[in-house]
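Paired with subunit B in one complex and with subunit C in the other, subunit A is shared by the two complexes that follow.
What follows is the complex of A and B.
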């Protein structure tokens, strides 16, 4: 009788297996209703605007007496709906729940007793978060683009480079926010509260003031990748523009990649080393 | 991965690929605007030549049915003489027969550049073609057929210029290009409009002008023109021409309802010219406010003037409240002082 050594699967192959398992769970969970509303909202809004303008051209939004073109309207929607709201919210709600949900459901033990690296659980779940959000957010942006940009004679061809840049920027943003909040979820006891404070308290607050603190945010680097100009929709926006010193695209991309990899590695380390006590 | 998840992933990727693919094709090859939305502006623009230096539009139904028009009619009940004369000569009642009008000025087709150039008016509405033709023939017009369209041509006349040379001036022509669409204007432009019926290079291919037209579409009156072209054709005195602001395009848009609101915009050659023009207008606005100090109705109108615009654009929006027209009406109705 020969003794065969059982080889422990590597991090990547284990993560792929967890990804396969988690994607379906994530897509068809109760949280997906919230996700559908979140990404369906802009599509609905764009459809309403398009129909309203088709029936009543005078309904077009105006600035300084001139109609706002479809491309400008699309840029405003990207800023106000996607960058400032949808991407951080998805990051907070999904990123913080990657490990926290398994702890709440007391199912994390079943994953940890498998012969796979513990970090693979987090990486696999992170990849499924990324796939799930990217597959929902990007088609939503594309549909909004084709609904809004032709308004007022805008050209879908001429504006295509900005759509491509927006799609890339949103993917990078989802990846960075997801990784940051995955770390929060893996390390902090009440991750949702901390995540919300970070996304809607710390980030917008710090961006209002001059200095170096803004470099400790994801939004600072993400805003540099947006091809459209920041809308002056409020006094806060005007303040943000006043103190805006955007990094270059290359710096932003390197910084966001660094934030994503570093926080993901730290989250993996936290999952590997931390003792999760399941409350009875 | 379950079948449900797989279908979702495939559907999502399909939407994404279709969108990005269409965008790519539109970017590299171009996509007809009508594939996604009709070209901006009224449909009659397809009969306007591409090199038009001024294009104007009026939604006659809106204007004639507006409260403002009703107020003016009550203040001045007599039908304007010009309107009555037009109806006597052509059989067209502007108030009831015409829905909308598109007018344009284009350079002379023979290459001469002096104003007034050639003009064309395209009116959409309900017309009694037989009666109109009979009336025009009574006034000496002749009928000729051009590309299967009956052209009613008023007799050309001749004139002598400063150097004593005799010059032929084309008369007005009228043609029913489509059912419910009449073109009235200089004969070469009416002929050109008939040519454009089967396709060709019309003003909708002029991207610069169309971008302005599309930004003004919400108004029921608007005009867009190439200021430098009009100014250069106008044979202005050298000193005056030199003092004109460096405006390339201008546009005006108005909305008539109870009152009248609108915006005048000018595109200048550079940012500095726009800043200068804004300064000049600011001065005029201050002067107007000072002058209107004791007239509350005029003051309300002057205060509605808003100067705006960034970069090369200068915009002046205004709103004439209904009270101003009431005041004008009462002034017109009251008997002159003894």
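What follows is the complex of A and C.
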């Protein structure tokens, strides 16, 4: 009697299969409505501003009596809407849901009984999150760019390098936040609250303090990649600028890559070793 | 071993008078949360600003070098504004699953098949959330006032600023009612508590981000009414008789808050139903 050796699929090929399965589910779910509203908001706002200024040129934004160009307005929107809100929120929402959703729906068993490494489930879902969010967020930024930058005679071509830098920075930010919150989702019972505390409590909180504490955030490294200056929209922003000591671009990129890979590996380990008890 | 008859038995307990069933839901909900260690940790964290302020009061009252830390009525408003981040976290922790989890488990039909009205159900859930929110706003706010009198050994500050008691009470109740009503409405819209939590985060932070962009575009803060937080700050300052932070009239901000609560009530009225009839 001959014994046939069955080769177990590897992590990468299994992750690709899960990615294929999850991407469709993620794109055509009710959650995509939330995502669409989130990334559509800045586009709508940019459209309204553009139309308003086209009809009433005197409505141009001004600081100390001087007209502010479209490039500055675009930078402001990148900071306030994308970096401080959309990227962390999408990271929290999707990152914490990667495993938690399967547990809530009691479908994780069906994935875990397949002959694939458990970590591949997380990695595949993480990749589909990244593809889904990048495919929706980046076009939104580009549309905002083309709507806003020409305001006040701004040149779309001249500002293009900053747009490219913004797109790269947002992709890296989504990857890093997604990985961090994937770890939270894989390890913690109530991942959303922990995620929100990290994104909107811990990160803005420690960035206000001088010293090393801010290095334990994603925002510290991400903000160093933003080509535009941080807006002084509140006393907290001014305090942040006072204590702002930005790492170099290379340091930021290496740190963010390190955070992404390390947290993703830890999340994979957690999924491999943890016993998920489904509520009856 | 005797085998007892488990047939029909008359109810031996006390009958709860009509209209008080919400208390059962409220007390049961509160008991559920106070047994969670993570939640108790969050509550403890939300009391940290109170302890810091208490030390500030002690130092200003007893150390001449720290007299510059002396309390003013503005300190109490600042304290309540600082608590807004904890109000947010407690609202998400407690409120996101209050109705969503019942919808997920199809428990709404079971609740409403009892002698319990829809209004009582909503009131019970609202009471759970509001109790915890008042525990991080109203209670520490009032305690600060008492601590001030105790450490100073005089009621002079309290008597001179007697309006602080109603001001703290009113602001705390407006903040908690706004947070609780909007969260319950969102909770009734979905079966997933995580989705509800993120929707609430979007409501609070996206409206604030939108306001900041519009402030930059318009060059003024007249547009502050788009932000939930800005509206609460504006109304808080008006109640504490402080100069307003934004150019929006305070009654416009109040109108927006009332509008948000009214919309939440409408959503709850539409969504909290025992039977969904599909045409």
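Throughout what follows, the second predicted complex is superposed on the first by the 277 of 280 C-alpha atoms of A that agree within 3 Å, B and C clash if a C-alpha of one lies under 4 Å from a C-alpha of the other, contacts with A are read in each partner's own complex, and residues count from 1 in each chain.
Everything below uses one rule, namely that contacts are C-beta pairs under 8 Å (C-beta built on N, C-alpha and C of every residue); 3 or more make two chains touch, one makes a residue touch a chain.
In this text, all values refer to a predicted model and were calculated from it rather than measured experimentally.
When both complexes are overlaid on chain A, the residue A:85 reaches subunit C alone and has no touch with subunit B. Judged by the touch definition given at the top, the superposed model places A:44 against neither subunit B nor subunit C.
After overlaying the two complexes on the shared chain, residue contacts for A:261 are found with neither subunit B nor subunit C. Of the two partner chains, subunit B is the only one touched by A:167; subunit C is not. Using the contact criterion defined above for the overlaid structures, shared-chain residue A:36 touches neither subunit B nor subunit C, since it reaches no partner. Shared-chain residue A:156: touches subunit B; no touch with subunit C.
Looking at the shared chain after the overlay, A:200 reaches subunit C, while subunit B stays out of its contact range.
Judged by the document's definition of touching, subunit A residues 59, 62 lie at the interface with subunit B and also at the interface with subunit C.
Of all residues in subunit C, only 38, 42, 85, 88-89, 92-93, 96, 192-195, 197-199, 201-202, 205-206, 209-210, 212-219 touch subunit A in the complex they form.
Interface residues of subunit B facing subunit A in the complex, by the touch rule stated above, are 1-2, 4-5, 8-9, 12-13, 15-16, 19-20, 22-31, 33, 36-37, 39-40, 210-211, 214-218, 253, 255, 262-263, 265, 306, 308-309, 315, 317. Subunit A meets subunit B in the complex at residues 20, 23-24, 27-28, 57-60, 62, 64-67, 69, 131, 135-136, 138-139, 142-143, 145-146, 150-153, 155-158, 160-161, 163-164, 167.
Only residues 31, 34, 38, 41, 45, 49, 59, 61-63, 68, 73, 76-77, 80-81, 84-85, 89, 92-93, 96-97, 100-101, 104, 189-193, 196-197, 200-201, 231, 233-234 of subunit A touch subunit C when the two sit together in their complex.
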